[in-house]
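What follows is a set of structures for review.
Okay, so chain A shows up in both of these, paired with chain B first and chain C after.
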Partner chain A sequence: MSTVAMITARGLFGRRRALLLLPLPLLLIGLAAICRAYGVSPDMWGNAVIYSLGLAVVLPVVALIVGTGVLGSEIDDGTIVHILTKPLPRRDIILAKYAVAASVTAVVSAVPLFVAGILAGSVKLGAALAAASVVGALAYSALFLLFSLLSRRPVLLGLVYILVWEGLLGNFVSGTKSLSVGQYVVTIADKISPTNILASSVGLTTAIVMSAIFTILGTLAAINRLGSFSLAGETS
Partner chain B sequence: MSEAGVIHDIGYQRYSGPRLGRLALQQALYVHGLRSAFGLGRSAKAKIFPWLVFGIMLLVAVIVAAVRAVGGESILSYTSFADQMSFLIIFFVAIVAPQLVSRDLRAGTLPLYFSRPLRAADYVSAKYAAMVSAIWLLLGVPQFVMFLGAAFTTEDGFKGVWNEIGDLLPGWGYSLLWALMFAGISLLIASFTGKQAFAAGGIVAVMLMTTPIVGVLASLPNTTANSLAGLASPVFLIAGVGEWLRGTGGMELDLGRFGPIYGIEAVCLIAACLLLLLARYRKVASL
Partner chain C sequence: MTTQTLPADTRTTTGVVELSNVSRWYGNVVAVNDISMSLYPGVTGLLGPNGAGKTTVLHMMAGFLAPSRGTVTIDGKPTWRNPSVYRDLGLVTEREAVHGYLTARQFVTACAKMQKLPDPAGAAQRALELVEMTGAAERRIETFSKGMRQRTRVAAALVHEPRVLLLDEPFNGMDPRQRMHMMELLHSLGDRGHTILFSSHILEEVEQVAGLVQVIVAGRLAASGDYRKIRRLMTNRPHVFAVRSSDDRRLAVALIAEKSVAGIEIDATGMTVRAADYGSFTRALPRIALDQGIRLHQLVPSDESLESVFSYLLEG
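Right after this comes the complex of A and B.
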């Protein structure tokens, strides 16, 4: 199991691919630092940087790239065969890949959000944002890992979720908010450290329970799907 | 039997018909690109996502047209239609651009293409034209549906229809601006990787992460920075150009006296994308 995790991590970070994950967090910290240096009130820029960039873009996009990258790219390349033919329970394969995806996403998104939170207010806000983004990383990774087993185009499916479900419908139809990970993350951060920057729209209990449901159900469904995974020959 | 200069003639028939030149190659690539943008000529799975986006856009247009027909009130103008649908356009370019260029890299068809009299410029221009057409159709057809809804229910007779046409044409022009800009940026990003998944992720990351920069710059205590904020993001850059050309805009951008700068940057950005694409394929072409 640890070997699978190691191979997965190497697949993610091998060569210079890890550098692709750098610009988003750096931009987040950089913008927060610029605003801080200009002495603008955090109420003015906090929402744009922390919510619009950090929680609405950096977290889901990193989770999407990493979460579909751990399994989806192996299915795409056909190298998944090498892992599937090893005498390993498929549960272990999914768990190892999920652990890598969730921890990488958590580190890449929580660290810059922590820094931005400190720049915007206090250490408490930073810690709240970091904790919330870890929860978000767990839920998003499970979801996107599942997507890479449901479809041959997991990134596009994930983009439908991020752009259409959370982005477009979230603005017009308030009902989708209770089923979107982004809202849980905002709620958790807001409830730990209440500020004017974030506006939560669901209850704290709902947020925590639903994140846990997303995480557990996503992982279980992924294990189930990989258990009956068949190798298709030709890509369309 | 054997001619001079031929080492072995094993009797294959020679092709002696007319040879179609670069123009025909370009046309073929363009048609193929436009068809594959919408998944035509490919499996049903490849059609899902482009037609999903197109369907949503069309649905919105039909709703707008219906509201206009019933209430006589326009809830969405032709130009703000594109602004409101920006998420879907971003999604659409993330589907189409990797489809057009990343697949060629992945499948190794580029050396085959460039073994014909095709030049890098021909390849780039054909793909760019196909992408621009695809985005323009994505916006233009729903706008036309909105126009039909308005034109059939107008009460001013022919004058009302003529007024609608006067509104539709700038809307189509604005859509073309969207198409030119987004096609350039997304093709450039997609041309760097053969993996469609990474290309799609990269395009969305670039488009989405530039938008909050505008919000940040707009909140700085400096009117020049506020006026120039829109330059940081393609979406706002297009909105700024539209605002500058028409005098009014859908998005709350305060251009001040910097309108021409938006126009200049838009032109420069499109040109830079095309030049970088050319430079990128120069290298492949000489392989």
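Right after this comes the complex of A and C.
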């Protein structure tokens, strides 16, 4: 594990905002378990819990907290300078931070979705949801890492993307669906384990290719932006 | 507006750090205006009032800001978008952000590892010894006082023994003992051949540490060269004093005969004396008052602020 990744991981879990990662996955598992315990048919609760809560909220919000936490908060408090004043290629810094963000997001979102999938249907559905959320974690993390370098308020920018672009426009404007990570995740899960809980709207190939494009372009853009990182002129 | 450049350096070699015709503007605001300077091994002070552009200059030197015009190089290599310069460069920013959850030793060792040093633990130990932080090295940085944090950050910036060390207002918020220690440290690093540049808006700080000074006022290089020569320039400038005595008019008549006095104005509250030479006037005044039997109630230099010294240099 590189030193940058070590510092990043310790910084992520050392902050209080890491606690924000707990309630959402627990809520997801808890709701699924309650519905299952009361014998409610998955057709009644599956879409609300797995899609509306799990894939549309838990996955992107966890990715946002982690993705902006690995870079945005270091930029915010100025500690990033200690990493940037080293003769490290900017690519290595971004890749280390991306690796931490993507793997933490993948574990924190895939595990509860896997459990919820089992409770709602089968191990196959659980595995499909877990695989899809890993793909989602890869794409979302690249996007939110880039947001940390595009704006001093990356969380706000990320929320606008999740709520307005994916949430609001995604329901009314069909064009946004093909540019929405959330739709790729739904499609991948639905194609691996077809279920009437999820309704996919783009093709599997599109979903996979577009997820890869989001991931690669987001990471490359982030590397380029970090190369031109400027300190604000703080003259006191 | 002209710039007074003192011919302190007759060295023909180029400096370790070179700024040539560097300007930086933010929209319509010009923060740094056509500055050229060379830094050599030893300690140089970057002196200027608040808001003069010192931090902007340091950030451009450290590769954290692109010059709008001109070039900034270290050993001939541009600093902007060139991370390899950090092998030879250490930076201590004014903002004291540190990874507080690490201990001082973990932090400095991590910096050594990121520098890809062959023996990170050994390098960290040497750097911590240099700043006298070995005693608290196993404590988390978030438990440190401001001075300890500052020393830890200096250790981190020095761990790879860079040729160039840039420090932005390193004495801010330090108590006198910590200040003394930091000054000794900078001195010894300068003596060992490192090129050190630190910014300050306090004349006395620069006086105690730096032999060479670069003075920046309103984004321009106002003076550069040997500290003592600049100091003399500052001392020899016309001084204005507010004087009150038991008989202002009689004192004024006696003073105007004095060569060191350039002009006198009298008003209801007292008189304003413009002295051409600080030294001779301050020696002459008590003698004249004694001769005339006049009692001096007040002698206040009315333009001693650093800003007025700077603006004098800039107009000179």
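Annotations
In this text, the second predicted complex is superposed on the first by the 227 of 236 C-alpha atoms of A that agree within 3 Å, B and C clash if a C-alpha of one lies under 4 Å from a C-alpha of the other, contacts with A are read in each partner's own complex, and residues count from 1 in each chain.
Operating definition for what follows: contacts are C-beta pairs under 8 Å (C-beta built on N, C-alpha and C of every residue); 3 or more make two chains touch, one makes a residue touch a chain.
Source: prediction; values computed, not measured.
With chain A as the common reference, the superposed partners chain B and chain C fit together side by side. In the overlay built on the shared chain, the residue A:G175 is in contact with neither chain B nor chain C. Contacts of A:W45 after superposition: chain B is touched, whereas chain C is not reached. Once the two structures are overlaid on chain A, chain A sits at the apex of an angle of 80° toward chain B and chain C, using CA centres and rounding to a multiple of 10.
The partner that reaches more residues of chain A, of the two candidates chain B and chain C, is B. In the superposed model, A:G11 makes contact with chain C only, not with chain B.
In the overlay built on the shared chain, the residue A:V81 is in contact with chain C alone; chain B does not reach it.
No C-alpha atom of chain B lies closer than 13 Å to one of chain C in the superposed arrangement. Of the residues of chain A, those at positions 236 touch chain B in one of the two structures and chain C in the other.
Residues 3-4, 6-7, 10-11, 14, 77-79, 81-90, 227-231, 233-236 of chain A are the ones that touch chain C when the two sit in their complex. Every residue of chain C that touches chain A in the complex is listed here, in rising order: 26, 31, 50-56, 59, 62, 64-66, 81, 83-87, 89-91, 93-95, 97-99, 101-102, 107, 110-111, 113-116, 156-157, 169, 172. Residues 20, 23-24, 27, 31, 34-35, 38-40, 44-45, 47-49, 52-53, 57-58, 61, 64-65, 68-69, 72-73, 76, 152-156, 159-160, 162-164, 167-168, 236 of chain A touch chain B in their complex. Partner chain A is touched in their complex by these residues of chain B: 42-43, 45-46, 49, 52, 56, 87-88, 90-91, 94-95, 195-198, 200-202, 204-205, 208-209, 211-213, 215-216, 219-222.
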